[in-house]
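Here chain A shows up in two complexes: once beside chain B, once beside chain C.
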Partner chain A sequence: MIKKIITLVFILLLTTSCNAYTELSDLGITSMLGLDYQNEKFIVYTTIIADRDNQENKDKYKTYHATGKSLEEAFENIYIQNSKKIYLSHMNLLVITENIIDQQLTTMIKHFLTNSEYRNNFQIVTIKNNLEDLFNQEITAEEINKLILINQKESGTTRSIDFESFLKDILIDRNTILPTIKLEDTLSLEGFTLIKDHQLYGSLSNEEAILYNFLSNKIEKTSFQGITVYENETIINSKKNNIEIMINSTIDDQSEIYQKELKKALLNLLTTYQQKQYDLLKLEHKIYQNNYSYYKKNKDILSKLEFHIEIHPTIKNNYLEEVITDE
Partner chain B sequence: MNKNKITPFELTTLTFFLFNSFLFTTGIQRLAKQNNTDSVLSILIGFLLLFLFFQLIKGIYQFHQKQDILGKIEILFPKTKLLIFFLLIIILFTHLIYSIHQISTFINYYILKEAKLIIITVTLLLTILYICKKGIISIVKLSEICFYLYLFLFIITILGTLKYLNLENIKPLLTSTIEDNTKSSLLYFSSLIIPFFLIAMLPKEELSQKKKYEQAITKGIRYSSLICFLELLITISILGIQLTKIYLYPEMIVYKKISFLNILEHLETTLAFSQILNSLFIIVFSLWSLHEIIKKVIPLKKEKENISYSLLILLLIFAGTLLTIPHRYFLMENIIILILLVLIRLKIHYSQTYPADSN
Partner chain C sequence: MITRLQIDTNNADDIIYRTITIQEQKITLVYSEVLTSGANVSEFVLKNLTKIIDEKITITTDLYTFFYNSLPSHNIKKIEDYTDLQTKLWNGYVIFILPDDSCFGMEIRASLDRGIGKAEAEVSIRGPKDAFTENFNTNLGLLRKRLKTSNLWTSTLMIGKQTQTKVGILYIQNIAEKKLVTEIEKKLNKINIDGIIDSSYLKQYLNQESAIFPTIMTTERPDLAGMALLEGKIIVMIDNSPYALILPCFFIDFFHTPDDYYQKPINITFIRLVRLIAFFIAILIPAYYIAITTHNYDSITTDLLVNFLAQRKTVPFPALVEALLMTISFEILRESDMRMASTMGTAVSILGGLVLGDAAVSAGIISPIMIIVVAISAISGLVFTSIELTAAIRWWRIIFMILATLLGIYGIFLGIILLTTKLCSINAFNKPYLAPFAPFIFSEQKDSFIRLSNPKTIKKRNPLLTKKNQIRGR
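Our next item is the complex of A and B:
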């Protein structure tokens, strides 16, 4: 009996976290993380949810920043100012600068892959400004995420990209895109940032971003040359080097102009990036998945691609107009 | 029904867990690295190989049904039995070190990040020791209970991942070379030889319905292969082959995505319990078998079993935390067991064809 009690107590001591534990109040739950790379040093900004019990300090969030020769060192340096353990599992947003994309993208990816605390569902955006501007204005992750989400639904100028999608895309052919934000008087969107071969490649303006979203079937509602698009569905099929793009849209008016102008704009975007050897829509990978024999026999598939675009607009029923006409 | 006998379903569940250990010992990532999207097919070919191998060695289970495999070795190889037992002790011991290290590092990396590895190993081994001490009947009965739990967790995983499934990620299929297909199928097959030996530690006589012994084992293999196939299919179709290849346990990344109605979130730690179950039974059964072999080499009184088990656990704690056995050694151990099982089968065949010569 004594032996059993001793064993039980021993197991309880080991399993009930009497060893190596962290109090919940000692966790600095990180909501937003910012990464930059300047003068061969990493700069890390974190927004941590502040203590609720501290009545004197009514700030909801606290911001810390530190630098280091490696990302790990920069994180360690944050502890000099902060008594809480940085807890990254609830992170909502990662903001990265063009500098870090251009110079240390692989190091950054490696950091996120090796740290199991991160969940891969946090959003990722690029910022045109310095991180200091953003974090000093106390703009929260929720605000930025909402800005992207609302625009994805209402204007079609952007779309949210989480870390996993970003990683998946970059692992396919080392190219990917990220939504871009800009801070002037207010926070605004600036299309997409393009990444090629793990480096900064260029950007898409808000207008080009709408076209890109058309092609990626990510348009929920948008406006194209004054024509409102209420619904859209894009289907891309590949037959050898023929890329057939079919767009079914519900618009408010001027279907002929919409058909003609949208086709022209989309073809222009596709051929421009085809000439630049940038596979905007990962079409080579699509051919690899759907037509492997053609993919294996041919080299430099991107430049051989021929685009065929069909646009089928449908005018949205306007019941009110009918009522007025009847009267 | 005799409570001290094993039912066919209990044997099926134990076989299921032993063969499901593939998800832990070798894992989806290694298979995906070897054969990309075609690794889905490798499991099917690997299952056929397992099935054929079972048909080949079925004779071992039917020979001297009251004896476990150790008794059969004593009958078949009276002169070299000690050598074989020593070999088996080394193999099972290293296999245990490999499995314990894998599960402890998994728990340390994904669940108990702050805890020291040795604390996890000690706690785990104490649980395993407790199960082992209860004897084989309790181990088998526990496997049945855990089987229902495993199914429940698996159904939750499937329901939670349905919305993320994208079968485009499985494409292209049938693109790998015959060499890659063979290698990956053999990888699946050769990771699962030790379970065949471990099952043979249960004499056919222990089963309540002896006739259903082989049928119960094949059912277990079938269920396990199905689960492995579905796990791989779900993982690749959600993460894509590129992401599946870079994570050591891609299943955990899939678990992290699961949420129900945005209310039930962060379920990965709970779902990871199914991964722990996958490795728990192979460790428990290997330890129990190792102890049985040691008992054959050094006859022990029933009262001394506590000491022998404790010594074994102490050795495993030290070895498990200090040593890291590479995966290729794990495969080598399986191949040695494969050779041994084939030799036993040949010897049985020879002794049955030429009874006078074998004597």
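Our next item is the complex of A and C:
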């Protein structure tokens, strides 16, 4: 009996990698990762949480960067500089440049999918500048994430995308969008970067980003041509090639101008990207799901789509204004 | 016989030999000065004997019958042989050695016991406050006071070659299983030792297995003992010990206290669940902390992880060593607090708190979070009154810490499987230790980790303890 127990314990110890033991002080917790591709080399930037200042309750960060012919080589070159074991499971943000999207997106995705240390809940953004500019300044992942989240709620100019949903879009639909940031004097948002067929396709400005969010039913609060939109609901129905878009909004004023201008802007956006053959709202996939027989019979559905937009604004009741006006 | 006794006791100074001549017959009184009450000996024995002499009362029967009828004593017994004489002598009897060498003993025991006091180890909040004492008869009296039934049977044995300690087995004959009583009697009869000083001596003989978890409960509360008897359990009471043994006991019994039945059921349900949580916290929390700081960093948020990192950066020891150091320090503090006289106890507590707390952290030996973890674990372990269960928790805490160091959270799960298997394999006098969960007894769930509000719903006794009288109130 004792022999059996000893044998079992021995087997368990050998098969369950108890060599994964690492002390916390030997761990380099990665907060933000940056990837770039220039001159046929990968450039990796990483920000590690080195310490916490308990008095100020602030984390202290250290930045490392390295290059390599492959991503793995670049990571190894980072390990050489670092006395700690790089720990990627707590990564909050991945920042990629347009070069990576354009040239090495598949390689990047493969790296993240094959490495079990990454969890897929980190946010992903694109940057217009060089990564060096961002990582040399003391801008943390939390600041960037908060910038995106707040703008998502308050201005509707962007949307946070986590790696899980990015993967889902890119692997199933082959196109997706990523929020874009830009660093000049300060950090700011620059709409969205469009990806199609694993390559860089284009970008949406902040205004176009708001229109896109209208269409994707992602507006919580925004302002359109000076009109504040408090709430919004967008419903898209498809009947063969007829796409009916119904937008119900709560605004503060000028409903006629809002209706007219918004409809014009949305149609303009949709037809522009229809001509460019970019399925902004993944409508082909919707038609595939809802009307497979029509999808099967017709090729090049995107160019045949006809958009019908109806906008129903509701003026938000402002009792205080009424009282003041009455008086 | 007197000469033999003098030789055997090496002419002990505390043995008094008093020869009295009544109607030309010499009667020798032998008694221990320290075990008998001198005042009572004078009042009830010598005074009456001198009265017989003075009044020249005629003895018409044999001397034993005469004294049996005339001496005012509640307990006069004939002595069978020399061994019986010694037993009675050392039990506070005055031995009458008659001219024909026959003897009888008259009980005039000195009161060497403290009075009935409060339970010290098992504090009662709402219930009765009296506790067992070192006197067997007093303890029996406390039980008989509560169970005024002829069905409360006792069988007594004398165990220990040198101590001849009186051991009583108590049970309610129309509830308890006779088989269990017989088994206990058999085990006790087999004991062949010099002496029994306390009830804990008997535990190792009564325990069937060497499991760390206790299967016998000790109690100094007569109310708990009474409750146990009504359930069909057996009480083993030992002279000179204020702790009675209750057997058999299941794992769930150590999560119950007698006070559970003196308060509102809904409150007790909450408290019992807290005790269950405390059990798991006591065993698992240091191991979980070691696992998340050495293997499974991704199971906690980044903020918390960075917090732990900042606290542990100056500590030179691995997490397991730190945890063991703290655990051992706590145990040393607890032991010294128990042994220290109460006048110095406060100073020791302050020193321990300062040393273990502030100074160790400032010196960079221990991280603050480890102090919190070990303190919570230790305090959770002290929720239980049973010292054996607290000790079992201590051992398993260390086992889990080692498993967590080797294998992380996977090791903790392995440990839980091991613990569950161990608990399932323990037998408490041929009854499964994890009853009423394994085997599942539905009727007993109403008084397990929850307590139902209506006492009428808890009608049946535990079927494992009694088969002959399962319905209460019959």
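To be clear about the criterion, the second predicted complex is superposed on the first by the 298 of 327 C-alpha atoms of A that agree within 3 Å, B and C clash if a C-alpha of one lies under 4 Å from a C-alpha of the other, contacts with A are read in each partner's own complex, and residues count from 1 in each chain.
Going forward, contacts are C-beta pairs under 8 Å (C-beta built on N, C-alpha and C of every residue); 3 or more make two chains touch, one makes a residue touch a chain.
If you're wondering where the values come from, they're calculated on a predicted model, not measured in any experiment.
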Taking the superposition on A as described, I'd like to know which of chain B and chain C A:His308 touches: first, second, both or neither. neither
Using the superposition on chain A described above, determine whether A:Leu27 touches chain B (first), chain C (second), both, or neither. second
Quick check for you: in the superposed arrangement, does A:Lys260 touch first (chain B), second (chain C), both or neither? neither
Which partner does A:Tyr87 contact after superposing on A: first (chain B), second (chain C), both, neither? second
Quick one: classify A:Lys168 as touching chain B (first), chain C (second), both or neither. first
Let me test your reading of the model: by the given contact rule, A:Thr7 touches which partner, first (chain B), second (chain C), both or neither? first
Look at A:Asn120 in the shared chain and tell me whether it touches chain B only, chain C only, both, or neither; answer first, second, both or neither. first
Examine A:Lys146 and indicate which partner it touches, taking first as chain B and second as chain C; both and neither are also allowed. neither
Looking at the overlay, does A:Asp51 come into contact with chain B only (first), chain C only (second), both, or neither? second
Name the residues of chain A shared by its contacts with chain B and its contacts with chain C. 20-22, 89, 119
The chain C residues in contact with chain A across the complex are 293-295, 297-298, 302, 305-310, 312-313, 315, 318-319, 405-408, 410, 414
Of all residues in chain A, those that touch chain C in their complex: 12-13, 16, 18, 20-25, 27, 29, 31, 49, 51-52, 54, 59, 87, 89-90, 92, 119
If we count contacts the way the header does, which residues on chain A are in touch with chain B in the complex? 7, 10-11, 14-15, 19-22, 89, 113, 116-117, 119-121, 164, 167-168, 171-172, 288-290, 292
Residues of chain B touching chain A in the complex: 109-110, 112-116, 119, 122-123, 126-127, 168, 171-172, 175, 239-240, 242-243, 246-247, 253, 256-257, 266
